[in-house]
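Heads up, the next two complexes both have chain A, just with different partners, chain B and then chain C.
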Partner chain A sequence: MKKAFVAALLIITAIPLLIGVAALPPHGETTAPVHTHISARYLMRGAEEAGADNIVTGVLLNYRGLDTAGEVTVIFTALVAGLAVLITRRKEPGAKADSAARGDVPAPPPVSPVVSFVVQLLAPFIALFAVYVILNGHVTPGGGFQGGAILGALFIALTIVLGEGRTRSLMPRLALPWMQGAALISFVVVGVLGAGLTGYFLGFPAEASLHLVRELMMLVLEAGIGLGGAAIFATLFLQMEAE
Partner chain B sequence: MLQALWDNLDYVAPVVLFCIGLYIIIAKNNLIKKFLGLNIMETAVFSFIIALGVVDGGDAPIMGADARAPFASPVPQALVLTGIVVAVSTTALALSLIIRIYRQCGTIEADELREME
Partner chain C sequence: MISTADIRDATTVVLAAFGALFFLVGTIGLLRLPDFYARTHAATKCDTVGAGSLLIALAVFNGLDASTGKIIALAGLVLLSSPTTGHALARAAHRTGLAPWHAEKGRTP
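This part shows the complex of A and B:
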């Protein structure tokens, strides 16, 4: 009974989708509407207008900068909400003794020595690659979000291999809130700087003489997004692992 | 109709993926599996939007000395980047809620949770 219901629902969903898909313009042709309106303009003039050779980065940080600022807020809100859901016990003065008393928690399964060795061997190269992806996002494929994801994944891999105690020191308690908010902070800083230069929040100066300023603003945004994204992923992972 | 579907096979694949995700959400009982299904649906939508912007023989929309037209449309790519970040955020929040549910109720099977009420 339930199976028939599910099958019927899937068919009811699939048929309108397939009809719609069949009526779309053929795949891969340059005459499709998606290639004719703003896309064409972005491709023609985006590199000089937005100041980034990578048009996707130009669209994200310049043309649709406010949208990306909202997106950064979404990740930060997810972190706040996730922590609000996960942290239930109020920290009391005796909390330290409490965590020591929980020594009966079963130890995590041991990690294979091969995995451990390879992760530790590759860690510096992965970190270098992440920094490259973050800082080169405006001229090559990549950017803050991608590099931040790599950095966060590296942190998670290291935590699994080395244990929480040794990777915690990568995120000092005092700097942690600033790292988690790095993306938002960089957007505010660059936005206000843009307001001072052009009169619009997150406005990028269009003059050719200010090319370096524009590039610097993009770099600050990318670095902020990368660092903030990585810190948020890492924090959420640590909090989930602590359960 | 069938010919049109065959020509647009790149759009049909996301539809199939979407239905797989929907099936998992409806049919599976485990909350984590349900959210895996939701993630599959999200991936289907992203791949559909990306497929819309593809051009035959096109290059990535990165300008430079040796860049040559045609280029893939940059707008779908930027939109999907935004979408992926939102999807990650919802997944993180969902997993946090599942952990909390497990801690409170001791199970993440939907039917057992329903019985508890």
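This part shows the complex of A and C:
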């Protein structure tokens, strides 16, 4: 019964998707609407309309901001799903805590002093680079997603080198949920601000006099995506390490 | 007459050719050496000396400006990170008990 239901659901979902795919213009056709209308508009007027010299950022945050808001929702949902699976497995009887107490699990090998030194030496520079990538995304390639990945990787490297105890303090218990949801929260804040200014959710004011407000809105989005991404990386890593 | 530009170009060519040679040797080593340790050794030498000397060649060619500063920073990063990576890889392999290859065991690479 359950299987039949799942199969029916899959088929019902698949049919409109397949019809949609069949109706798409042939791949690579130069007269397809995407090449004659949208891309041309983005390339011609993206910098002035979206307020970002980097067209990718302009498209991501401004033209298709709602789409990106959906994306960060997906990432956040993935974190929730991952944590749900990991935490349940952790509570199973005979988990690692028991076996570690009996001494079955060998202690992790000590961290190489060379690796430890180099990671600690480079850490401030990597952190600076991550912030640069996040904040400079509207001018040069980069942005919140990329910078957040760098920041998350830095956290993971530091956790391996310094141990969980010392890096946990970077993610205080009270602030952690806000950090994990930072991307979503920033989209809601900027979206509502945009609604107040332009009448549309996630609308960006186009007036030249408000260009600073527009840039500030983009920076808030980038910072939120970066911080949120890094916190999600770090949380998943810590949870998996605890396995 | 040998001008400053000629000296700069010659230095660039020598450094870049040296880097390319290291990459070639390192790639051959990565493909042909017998075991993990030797291959790690070959691969990380490429990244350190090869990329390092190519980057310094670029810095010499570019002259003194902000981009050169970035290139030098990159070279410094490469010189720090590749040997560390090689060390971490080899150490992890050694600690998990991977035995190095010995010719006298009669195994062919």
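The rule is simple: the second predicted complex is superposed on the first by the 188 of 243 C-alpha atoms of A that agree within 3 Å, B and C clash if a C-alpha of one lies under 4 Å from a C-alpha of the other, contacts with A are read in each partner's own complex, and residues count from 1 in each chain.
Definition applied: contacts are C-beta pairs under 8 Å (C-beta built on N, C-alpha and C of every residue); 3 or more make two chains touch, one makes a residue touch a chain.
The shown structure was predicted, so the numbers you read here are calculated from the model rather than taken from an experiment.
Contacts of A:Glu215 after superposition on the shared chain: neither chain B nor chain C is touched. By the touch criterion defined above, A:Glu164 reaches neither chain B nor chain C.
In the superposition on chain A, A:Tyr42 contacts chain B only, with no contact to chain C. In the superposed pair of complexes, A:Leu122 makes contact with chain C only, with no contact to chain B. Of the two partner chains, chain B is the only one touched by A:Glu29; chain C is not. Once the two complexes are overlaid on the shared chain, A:Met240 sits against chain B while remaining clear of chain C.
By the touch criterion defined above, A:Ile75 lies against chain B but remains apart from chain C after alignment on the C-alpha atoms of chain A.
Of the two partners chain B and chain C, more chain A residues are in touch with B. By the touch criterion defined above, A:Val114 reaches chain C but does not reach chain B. Overlaid on A, the two complexes show chain B and chain C touching no common residue of chain A. Touching chain A in their complex are the following residues of chain C: 77, 80-81, 84, 87-88, 91, 95.
For chain A in complex with chain B, the residues that touch the partner chain are 6, 9-10, 13-14, 17-19, 21-24, 26-30, 32, 34-35, 38-39, 42-43, 46-47, 53-56, 58-60, 64, 67-68, 71, 74-75, 77-79, 81-83, 85-86, 88, 139-141, 143, 145, 236, 239-240, 243. Listed in rising order, the residues of chain A touching chain C in the complex are 109, 112, 114-115, 118-119, 121-122, 125.
Of all the residues in chain B, the ones that touch chain A in their complex are 1, 4-5, 7-12, 15, 18-19, 22-23, 26-27, 51-56, 58, 60-64, 69-71, 73-78, 81-82, 84-86, 88-90, 92-93, 95-97, 99-100, 103.
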